[in-house]
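Chain naming follows the written order as A, B, C, D and E, and within any one chain the residues start at number 1.
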């Protein structure tokens, strides 16, 4: 997977000539869903395009309307190359779209006339308590927005809804659409972290009560998940800070406020992640103290039992000796005397222990 | 709550048409208190405006006097939209005012002609030892200051007092009023931290004495509270640093010194928070050492008891054996000899223990 | 104390009218010592001014000589307001001089024509091992230096001495005098840290030897003191870095080298503080290891005693059983055999323990 | 090794005169492999040059074609000096090529007309789990790329393959070739970290199960390896950030995008390293908790055994006393009574222990 | 020592008049060694100057040759003052040369026409494992380099050697000589760290094997030494970064590459120091785990012995009871039965322990 960049490049460069693996690619294609939404302020049209007729997309390119092309699923090298030629997309962008292991980033291709944004759509699996990550690539040109999602996703449904309704969104240009798409993705991060927070609260409760090793496992897993989220969120601070200040004509001046709003959200999410991390560290400290306290508890019980019975057993041992001449043994109430002695010692020890507030 | 941004936007955009949920909104409105204070150097007027007659506010807009409109309580979407139109406030600002989950920040809307500041008013609950947070939004235009408080609050009472008295405050422009409002909020942070400090001092005393798990709970809770305060205070450093250096005409040059003064306070508060955090870490270390010392104490007692009595019990065991031929048993003073032997061993062991400074 | 800023402002603003608390203020005044030193290259004059004749100071204002006015003790609001008017000092500076809870900082009031520097004079109480802090405010104008010390202090004695002697100091302007004053304060920090270092060295020695909880207390206290010093020193880095690079005409170009020299010192002090902090952390680690090692030691003794005597006691127990048919009991040398058996077992166990290097 | 810089300089400077150690140098030479690849868009040529005929290389210098000269193995001072003269390379670059202990860096020698890049080629030894490092020096001039590898390496094979195939690479200039070479090296880092990740996953599994000291050794070793990788990767962030923004004519504008792509990769690798480090810290915490839990387990067993048997043994001891007058001993069912008593006590203790959830 | 800055100033300023302590100063002088090396490309001259004839140095000042004056040993105030006048050195530089407690730094005195660099020459005492520090001050003017070493030192011998040989060094100007001097000092840091590294490796081996408190002492001492080195090295990053970018005419453009080379070295040394520090932290963790593991080991032995013998001793106790009616006692093979019972129990317990992998 990791050396994919290398492989992609080879395939992108060689696919002119070698077309042998067409079948495999066709299989790939069948999973891809392509939605084209074309709108002006007064109305919109929606099409489903089949991946085999990818060249059909070209016709939306020249129109003055805003065109949003959404790809869901893994595209073949063929298709990506075709798109690259159709929309004059830089080779490096094509590689990044294909590789699906990118760090969130923005690349402004001023000459080619588009902004390329990589962002991660996150999900939270309630059972495994694990964060799932999907790379979404967004190419924003003057009238066209192209999005590539790794899998079929419902994340953009609310944006589609707002376009279809007589919403304000249709009044704005393509950079606002891109903002709207990113906004739903980033808004979703709050949900993920809220779910993480619930889970971490459960762990905290467990850490105060139990010394089960499962607590450690849960803490460790939650830390890993937070790191995962952080790897997706942290680079966005830089991305949106610089987009909201960019001089590029691709982002209209009036739209920059919206990107600054996303920036504000991303910074707040970072704060939350940082808070949860500290929280987990503190929970681990609680857990460790708890183990130590439990050990003190165990030690106390052992010490109490030993401290009480070891002296008593010693006395019993003394009067169990077989010396011929042991006056106490002959006493009439020697036995009762010995029991009383034991009782007194026992009381003294318990008194001392109580004074030390052990029981 | 977190996906609210999304919902607000929908409502703000759609409320033109859909007016079905008016009743619920009316219920909301009944809690809102609106105070308008209008002043020039020579005098002032104060009004209470009912939320249903929100349009009455418009008439204070055009006057050359300084107008401060203070909203206390949760505003309905309706009202916010109306205000937005009345004062030409940007959609994003309206969303932020409504959402009440903002990070402290400043947005300068140069074109729209206002500065928008989000700041948190903090409170400290002495019982639960928890910090309460309330978002306060401040919109400062050339002659108008609009403040939105989540709840009814007394924090601005001293400012109102100073306006009513023949104070200097009436000589200054709206940016100075904003400074005065922020100043009382920030001054209040010192109080909060002082109360936290008292509480942390109690925890410290407990940590030196007790190994109760409550100490850990208290430390953890205090850390959480400090993090909460920090999330409200830290962003302010950036906010006031940049306001005190801004080129915007919305802040007069002579007022910048005052904002720099707030900046100084905020930095000092950050120092205090950092100091308290370190303090809590150190207290936790003390607590952990204390647990370990206690364990050593317990172990010592167990070891002393065992070290003294186990050898003695062994000797008693030896003379309790039933061999036919055991000369000592026949000795006249065998019993006393054995007791003396035990006594000597006991003395030696105690001497050794004393030499190790255990008792 | 913390809300003082608020109160000061009120008093400064209202003292025009309300003069009821004059007596209390007079009491305050009686503690204040005011020294005026007026010098040119060829000579100097020194006066003690009574706080009630504060207006006498005004006459030194207009002279071309360098005038240094040193206030020691807590000034009344009255006096501060009078000084503010006399020397055209900004309201915020007056508040800061009065409040005595400032973070070290510099404010350049270009228009008003002065630099305002807040710095802390530190002391070290050898008994309580605590750092004492005193705020010193320095206002440097073209020919005038005004210093405000919270208490009577000897820190400036060496500067006064150098002025009185035919030293070079009289050749320089007011910015050099300010440098000289700050230099003695900063030099004194080295002394404080050296004393701290001696104390920390004692703690280190204790940490290697003892597990007494006093070590933890000392470590914690020393950390707190270092944090205190740090809060006074760290802001100075920024202060002197920016003064030594300032474009303000208030600092002559030739004097900037001297401020850079102070900057170098402050950075070195910061290094020292950082080193001492790390040192304390390491000492705490040593202490913790020491507790654990001690516990191992205790555990070893318990285990050695138990491992030796428990098997022996078992053998004695066996031969203490009352079975009718136990051949060994009848053996002539059965007793000696059993003692030998115990001896052999004892030797084997001790040999094993020695092999594990426990004793 | 470390003082080599010094020695190299001496040798480089003195080798004019002193030629005594020629034999040793010849031995060195025999290991060096020199490959020259000379290409234009329409074709390429490849030569192997013997180190003794090093001056043959000069003839490729003047051609308009792109010339890549790849040295594998340790060069003698002689050869390096000869190359230095042939290609006008700065003395400091020659030293760095020779010393093989450089930190990754780039030096732009604008006047001399080349960029010098030091980068480390990393390998991972699956047996020792250790990272191997090899310094690669790349000198990029307008038509010439010279690479120096410490050892024979296969890392560049894929680039050679792409040049030989009718790939696009031959269309670009020397700065693109350099990019391609660096790209394969950086891509390889992903492999190394993936292997590290597998190994760390094994350690994690071990840490949850075992308290063997080998876990600590493995964690420590892995940390060391990550530090090693980090030392090679971290400086690259600065290197490629600045190359992708450089104004130097040595890097064409269109190629900068490619260097920014490497920059993106390097930043992602840094993220991964950081993640693995945190992971190792967490694993160590798990391991430590595990040790503590195991100790609690051991303590519990000891305490359970002691708590059950010590009281029972005491009762047996009581009825083993030899008092003449002990009524129970005479009872017909005294023995059974005592056994029952022991049984009841035993049941109570086990019941209590169970209630504490120990077993 | 620390207040020395103050004292020096006093002496420097007052020494015009007060000359009473001449004898003490003469004593000081006798230790000082002054070497003057005067060279042009074609040759060199070397002189030893007696400190009493310090004015002799003046004659080398005006020559066009490069003059290097090296002072070894502690100079008297007299001498320093004389030098200051002879070479027009700023008072602050003289103070810094004298005080010997400077942080490494560079001061560019553009007007006075020299660069002043403070750097530390480090040594490593193999016995005490301690780092020794010596301040070296270097003043570089256009034709003159003056160096002040605290003690006699061999560190510059190799540079002297290169000047005496027909090396390239004589071709360059004074800024290159300064580079050469600094280079040998910085190169020496690598040696120091290599020696530290060997020592740390020994500590690491000890930490895996032993729980001796000496390991902690060694770790702590090594940390202190690394901190010491760091205090000398870290400021150099800033120093050489800024020298290699300076606009000052004192450093020729062609020489800047050399200073950048030193910068590279210093950064690498910082990396090494950081790596060693992390290493020591990890070693301490290993050591702590080791203590805990040892404790587990001790606890296991105690628990094994107790778990085996306590139940057996109980059985022996039961059959040692003196009840009249105890059938087993009368059995012919009762004794053997009891031994067998004990044997079986013993086997079961050992089997259980083995299953838990304790032995």
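Methods note: contacts are C-beta pairs under 8 Å (C-beta built on N, C-alpha and C of every residue); 3 or more make two chains touch, one makes a residue touch a chain.
Note that the structure is a prediction, hence the values are computed from the model and not measured.
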item: CA centroid of subunit D to CA centroid of subunit E, Å; value: 27
item: Separation of mean Cα positions, subunit D and subunit B [Å, integer]; value: 43
item: Touching two or more other chains - residues of subunit E; value: 292, 295, 299, 302, 306, 310, 313, 317, 320-322, 326
item: Arrangement of touching chains [line / ring / star / complete / other]; value: ring
item: Successive chains along the ring, subunit B then subunit C then the rest; value: B, C, E, D, A
item: Touching residues on subunit A, where the partner in the complex is subunit B; value: 158, 162, 165, 167-168, 183-184, 187, 190-191, 194, 208, 257-258, 260-261, 264-265, 267-268, 271, 275, 278-279, 282-283, 285-286, 289-290, 292-293, 295-296, 299-300, 302-303, 306-307, 310-311, 313-314, 317-318, 320-326
item: Touching residues (chain side subunit B, partner subunit A) in the complex; value: 2-3, 5-6, 10, 13-14, 90, 92, 95, 101-103, 105, 107, 109, 211, 213, 216-217, 220, 223-224, 227, 231, 284, 287-288, 291-292, 294-295, 298-299, 301-302, 305-306, 309-310, 312-313, 316-317, 319-322, 326, 328-335, 338-339, 342
